[in-house]
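Both of the next two complexes hold subunit A, though its partner changes from subunit B to subunit C.
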Partner chain A sequence: MNSTVEKFAYDNRIVKNFAIATALWGAVGMLVGVIIALQLVFPALNFDLAQTTYGRLRPLHTNAVIFAFVGNGIFMGVYYSLQRLCKARMWSDRLSNIHFWGWQLIIVAAALTLVFGYTTGKEYAELEWPIDIMITLIWVVFGLNMIMTIVQRRERHLYVAIWFFIATWVTVAMLHIVNSIELPVSMLKSYSWYAGVQDALVQWWYGHNAVAFFLTTPYLGLMYYFIPKAANRPIYSYRLSIIHFWALIFIYIWAGPHHLLYTALPDWAQSLGVVFSIMLIAPSWGGMINGLLTLRGAWDKVREDVVLKFMVVAVTAYGMATFEGPMLSLKSVNAIAHYTDWIVAHVHVGALGWNGFLTFGVLYWLVPKMWRTSLWSKKMASWHFWIGTLGIVLYAVPMYWAGWRQNEMLTQFTEDGRLQYQFLDVVNGMQGFYALRSLGGTLYLIGALMMIVNLYKTAKSGSFLANEDAEAPALAKSYSIHGKEHWHRWIERKPVQMLAFSLVAVGIGGLLEMIPTFLIKDNIPTITSVEPYTPLELEGRDIYIREGCYTCHSQMVRPFRAETERYGEYSKAGEFVYDHPFQWGSKRTGPDLAREGYGNNKKSNAWHYNHMADPTSTSPSSIMPRYPWLLTTDLDTSLTASKIRAMQTMGVPYTSGYDLVAVAEMNKQAQIIYDDLLLQQDQILIGEKGLSPNHEIIALIAYLQRLGTDIEVKPINTAQK
Partner chain B sequence: MKFINYLESIAGVSIYPLISMMLFMSVFALALWHVLRQSKESISEQKNLPLQ
Partner chain C sequence: MKNKIIITGLLWCMSLYMHAATQQQIIDSEHLTKPSIYQSPVFYALIFVAVLLLIFIVQLGKVFSAIAAKYGKEQSKKTWDGFKTVILLLCLGSIHTQANAQLTMPEPHTQAMFLHEGFGHPAINGLVVIILLELSVVFYYMLLIRSFTRSHSLKPAREIRRSRFWDLMNQSVAIESEAAIMTDHEYDGIRELDNALPPWWKYGFMVSILWGAMYLIYFHVAKEGELQAAEYATEMENARISLEAYRAKAADSVDEFTIALSTDPSFIQKGAIHYDKLCKVCHGAAGEGIVGPNLTDAYWLHGGAIKDVFKTVKYGVQGKGMKSWQQELSAAEIGQVSNYVLSLQGTSPANGKAPEGDLYSTNVSEPSDTTAVRDTTNTQKP
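Here is the complex of A and B:
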């Protein structure tokens, strides 16, 4: 061993920056959560304004809480723990700062583009391509800084938390890149490269792993560092933590497809996803037990220490979400829960309990530490704990109940075999639940605001230590091997190799799951009657995406009697082959729209016009927002030709040269709808600027009338291309 | 009509889950073997890293 002791200092300033960002973006994201929760109770809160409607704010909420709140929380925890575990300052202060400011810039860009309607329409991956590129670059900066810090460390072993951080980095990079492959049409508009079933597969492979590798693995890393820190005792079982790590990352990668159970996915992919999801209980609970048992014999401490209280609830919530998750991936359970508020409950047990409470615990521990003082008000923190816990309960219980009710009502038949309830009956039945949930969310938010005050006061009363002095002997260059060497030690000693190894392993795993997905495109039976969207329908579809209609409406009729009875013929994979991106949705706050233009669901153009102007005019007691701007804004046709060309590039069979006539074709179709509306104009709630064939509403109506009509002519041609 | 197994018509598709399964099993078995073999001292040294 080399015994020259080196002096250095830990960089606390970067941790402080991320901590402030975590708390502030957390408050913003939760505030938006409360707003959208209230919008479902009081639709007037949509304010008849494009930028504040539910469909745009819901993606703002999810992106803000996941990438801004949890994201900054991850970085805060990594920058603090990594330096200490490596006994080294971050490799480059400049990279740390670029990472910090770059990430905040991404968040601001995300918030602005989302409310202004620039979105790819893929959940949790809504951001448009320039922002996707920014994310990639900043992620590389973060990774480089992290790896170089590890390379320059003064501690031989890599503690298990670091493994979780590295796996997170590698996997998120892969997921983000594969799922974000899109064809730009303009600076702020692109189409997913994948279509229909394939797009859905890629999206939920991403979606589930985003949950796994953004909301879970980095936080497990934090758990393994901060629980021992806060309790001042080592983790219960280190061996278990390593098994936990390996089992978790490998199974997670394969568990994507369960998000689409019972939709148009092949059984094969579904079953594999289910098996792996069930197996996930084991490592997940291994992690939970490890966290909780760390505190064995120290429960008196937990009663005293608010930090530990938050952490215990967090780990327990993790255990609940990871027990429930595998259950949800069982076909029979998923058939009930999918598209309902049950999923929303599941999500928020994880999000509010696990991510939220662990973040709060870490913040309450870190701030007094870095400001060299004690918490300003323990009492207030304790209040935060209780009010937050009550908030979670008031959020989760009504949502579980609501989800159950939704399924019950929607699948109930009368004695003579008819559906008992209209969809609107279900919507009406939800008001109480939604109101309670809003209350729960508000309490949770109030708790978070109390924390911000408390931490601010704490910081005021202390003095911040920007550079924390430390010393440690440098790592000997050569490592003397005593006796037999384990391959694993070799990996531990060589983190870059470890990174490469896990990259290869995770990459192969991911790839193997993805290969069939890339082959599937040619194996979807073509339905000859399915044709590309007309230019007007395509523009209408883009409005549908822009307004975030998919946040409340699915486009996927599952093969259940209750659904085919309500919505019509169930969805076929071949119907989605031109859907860039797919719009199956994940939650039915409103009814499914896959057959909106077909059969019993078909409505007149005038009905749609009125419905968009004021949903209660056609559907009393509807909670859908109004869309007055669609009735007055002219459709922007400047990109239509490039959109057609983009579709052609991706293999949508428009005849060559169609881009040149697209606008003319579009005007023709618009005129027909307009003429039809004119015939019924005395029944229409005409907008301020009167009726016009150029208004956006015309395109949207064209799209809605198109939905589900492709199967009108039946013959199916299974011949492959 | 039931949903068709689009993947089944891909020639040799079943090899992918098989390989992935084996890959997973072997990596996991290796990890397990390694973890169980480590000495108590080494484990305890690593375990105490956050508390140093």
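Here is the complex of A and C:
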């Protein structure tokens, strides 16, 4: 054995690159978060500019913190730990570099396209198809480099961290590809292949598991490496690792429908979402237990070591969020919390607590290590810890309170059966909460900036070791088992089998939920009166998506008295069959729009015109941004025909040849709305370039007036019994 | 094992109650068509709690025997035996009381009342007794464990109690003897212990799976639970019933048939408050009309009599941009607003919007002037 000791060096340079990217993108993502938080308090901060409105910045914030901050954090941790756990340098330095620069290019491309309004309108998957392809390619580069490093390892068995890395890689690949199937119309415009309920199911299967396999499993892998390293304690329980790993990846996938409780998703799928979420508590907590109990006997260190402090809070936040998540999946709790700021609080406990704090802990541990020095200021790091913790508390508490209050107000009836509050009353009641929340976010950001300074100073004071020498014997070709071994040791020697088994484990849940929803017709009962959008409405819908209206407005009336009284008949699955993509939304900062064009919610064209020009003109104290550019920009009709053709390809029943007359039909409908507005031109807030049938606002009005009009609604107070 | 006896006892109690409850249901079905106890969520919740506590007791029992074994206390066995007997007697006793209670059936109508709420049913009472028993067992165990760890610890009490409690709960091997469970794994200096799965975690996981199966069976196989459409229907029906009850005794019941013009300035002034909050964004501060029509002229789209205005405010005009305000305003308030609106007649504010609709005159019956009747919401498809 010792005859074949090999000398090699770990690549620290790639870890350094990812570490710098993590810290910088983290600051950017958090800064955008603070900006949009402030926009809800001071709507003037939207600056009346398309590129800086809330609807476009909010996807920028989520994408930046998830894919840029946490994404780079994952790669930093994987590149550092994988090499050491495999006793091998990364398989290819070139692939490492392609991965790094490719990922940064994706981030820049994402930031630019989102700000300029190129979006698919699917939450956390907003990026348009060319970027989706880039992500796929770079993900393959990462996977190839990782798998080949594992194949060339000098360590017989794979440590639990690597199981998580493998499962992460294979699952994210699956999620990203399946959810991103879209039909391109142009270089920067595409439509989701799925429609309505099916699109919602696929999207939340993706969205939920992006949380699972991008924000959770890779970070559990990091936890399994960096906590025992930092605490110098053995992992608490090997068999707990095994059970919770397999249970976690198998069960997590099923829980996606809990994002769609009480929507038009079939009941059986909702119930699966509920029960698998409850079953997920223990597997999630398995990770927390193994992390916290690894610190048994090292708690005295936790008191002094800032790295461990960050990690303990991270793991605790993980435990809280993964208990709260299943509770939120109970239908009765979900009825309260969904669409409110409670969910915003919940995800930020996960993001700020678990992902943020673990990343900070790892950075504080890695930088002194790689620069061969000690931390520049322990005191400053400790301040970061306390400011960050205070930031989380000041963020979460007001948001929980706000969420509870929103539900309370929106469901309150007077004795004589009337809704106690208008939606605007609720918006008005939120200012204090939103202000406090932005303060919490600002504190958190200040902490992160302090860390950047501290780490920069640390790096300056040390000398970076780009190639860390190491040596280990090569693996012998054959392996014989000595004595009795744990049954799981077998697969720990077989990375490819590990990958295949993981894929099977994560594949089952998705398939069993999607196939029936796609194939069995009963799941989405047809409504014959539902018609495809007119070309003008379709263009209006694309504007709605471009401006990110779905970040504040849902289009899903749930079957509750408080909602049907406020918005009208509850939404039916059959109403969404031509919605590529669906726009149900996940948060109601503004009211639901599913029946905006129908019944009691219907407003005049002039109302909509004024409302988009200045929301406070029709809804005093509204916090919605103004959209002046819609009143002056001509609608781009160059793609209308191809959009109709794309819809036809996906089965939307326009008569054949309709694409050729689409623009003419569109102009006709626009003229009607224009004529109507013209009659009231003295009363409306016309933009600089006057009133024109060609302006984008006309298409948007057509779309809004269309919403919810497809079904004949029976009076709601007829009891169904 | 000693705690097997008590578990068997408790399980037996529970099965007996289940049996009793079934019997009860059979009797019920002969007399009543009210929902059975099996439809009561309380019943299931209590069973769930009872099972959970049972598992907890098993764990505590294990912890207790571990301690007893460690300290070799014979005394503990004696205490235990006595305690065991008491518990069993208690169980049996309560069963008999309950069984007897069941034989003497309450009056059918009181029975029905109880069933409606789910509380007060013998099966529920029984479960509550079981849970109380289980809680006392838990409490007793805890006291025992506490007294043991206290009397036998040599190290400072505070620290020991904390770590020992968690070690016992998790069945961890003590740090001093962890070499025994150290695996031969070593990765970049990271070693792995092989502690047992924490029992509360393991059984909790099993219970969650069991709960999942029960949930699916309850809603989708037995179809006992209400799915969302049925739940909605129930909610609306309940609202209708309570609303009817309210209306039956409500005094404030003015409507579009009974409303009359008011000359009371304070009454009209109350309407102004609502007007400012809700109406002025569309009809203008002085009623001059913005996106909504001018309210100060004599032309009306939907009638200018007080009854017409009341009706328009109350029900809105579907599809025309005028929403129904009966959700926001009470009947009395609609009366105030309608009167305020009519008080604006002839005030001719600045920037008044052009007339829309028909001339309304209190003494002319024929529809006179036909000024532009327009639809301000037309988005009709070509």
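Just so we're on the same page, the second predicted complex is superposed on the first by the 692 of 721 C-alpha atoms of A that agree within 3 Å, B and C clash if a C-alpha of one lies under 4 Å from a C-alpha of the other, contacts with A are read in each partner's own complex, and residues count from 1 in each chain.
Definition applied: a contact is a pair of C-beta atoms (placed from the backbone, for glycine too) under 8 Å apart; a residue touches a chain by one contact, two chains touch by 3 or more.
In this text, all values refer to a predicted model and were calculated from it rather than measured experimentally.
> Looking at the overlay, what does A:508 touch: subunit B (first), subunit C (second), both, or neither?
first
> Examine A:159 and indicate which partner it touches, taking first as subunit B and second as subunit C; both and neither are also allowed.
So A:159 meets both subunit B and subunit C here.
> Classify the contacts of A:565 with the two partner chains as first (subunit B alone), second (subunit C alone), both, or neither.
second
> Can A:690 be said to touch subunit B (first), subunit C (second), both, or neither?
The answer is neither, since A:690 touches no partner chain.
> Touching A:197, do we find subunit B (first), subunit C (second), both, or neither?
Touch partner of A:197: subunit B, not subunit C.
> Determine, for the superposed model, which of the two partners subunit B and subunit C contacts more residues of subunit A.
The partner making contact with more of subunit A's residues is C.
> Between subunit B and subunit C, whom does A:285 touch in the aligned arrangement: first, second, both, or neither?
So A:285 only meets subunit C here.
> By the touch definition at the top of the document, which applies to A:432: first (subunit B), second (subunit C), both, or neither?
Once the two structures are laid over each other on A, A:432 reaches no partner at all.
> So in the superposed three-chain picture, is A:607 touching just subunit B, just subunit C, both, or none of them (first/second/both/neither)?
A:607 sits against subunit C, while subunit B stays out of touch.
> In the overlay, answer first, second, both or neither for which of subunit B and subunit C A:653 touches.
Neither partner.
> So which bits of subunit A does subunit B touch that subunit C touches too?
Correct list for subunit A: 81, 84-85, 155, 157, 159, 225, 228-229, 234-235, 238-239, 243, 247, 267-268, 272, 486, 559.
> Which of the residues in subunit A come into contact with subunit B in the complex?
The contact residues of subunit A facing subunit B are 81, 84-85, 155, 157, 159-161, 197, 224-225, 228-229, 232-235, 238-239, 242-243, 246-247, 250-251, 254, 264-269, 272, 486-488, 505, 508-509, 512-513, 515-516, 519-520, 523-525, 559, 573.
> Name, in rising order, each residue of subunit C that touches subunit A in their complex.
Residue list for subunit C touching subunit A: 163, 170, 172, 175, 178, 182-183, 185, 187-198, 201-202, 204-205, 208-209, 211-213, 215-216, 219-220, 227-229, 231-233, 235-237, 239-240, 243, 246-247, 250, 252, 281-282, 289-292, 316, 318-321, 323-324, 326-331, 351, 353, 374-382.
> Please name which positions on subunit B make contact with subunit A in the complex.
2-10, 13, 16-17, 19-20, 23-24, 27-28, 30-32, 34-38, 43-51
> Please output the residues of subunit A touching subunit C within their complex, sorted ascending.
81, 84-85, 87, 155, 157, 159, 225, 228-229, 234-241, 243, 247, 262, 267-268, 270-272, 274-276, 278-279, 281-283, 285-286, 289, 293, 296-297, 413-419, 422, 486, 534, 559-561, 564-566, 570, 597-607, 610, 617-620, 665, 668-669, 672-673, 676, 679-680, 682-684, 701-702, 705-706, 716-717, 719-721
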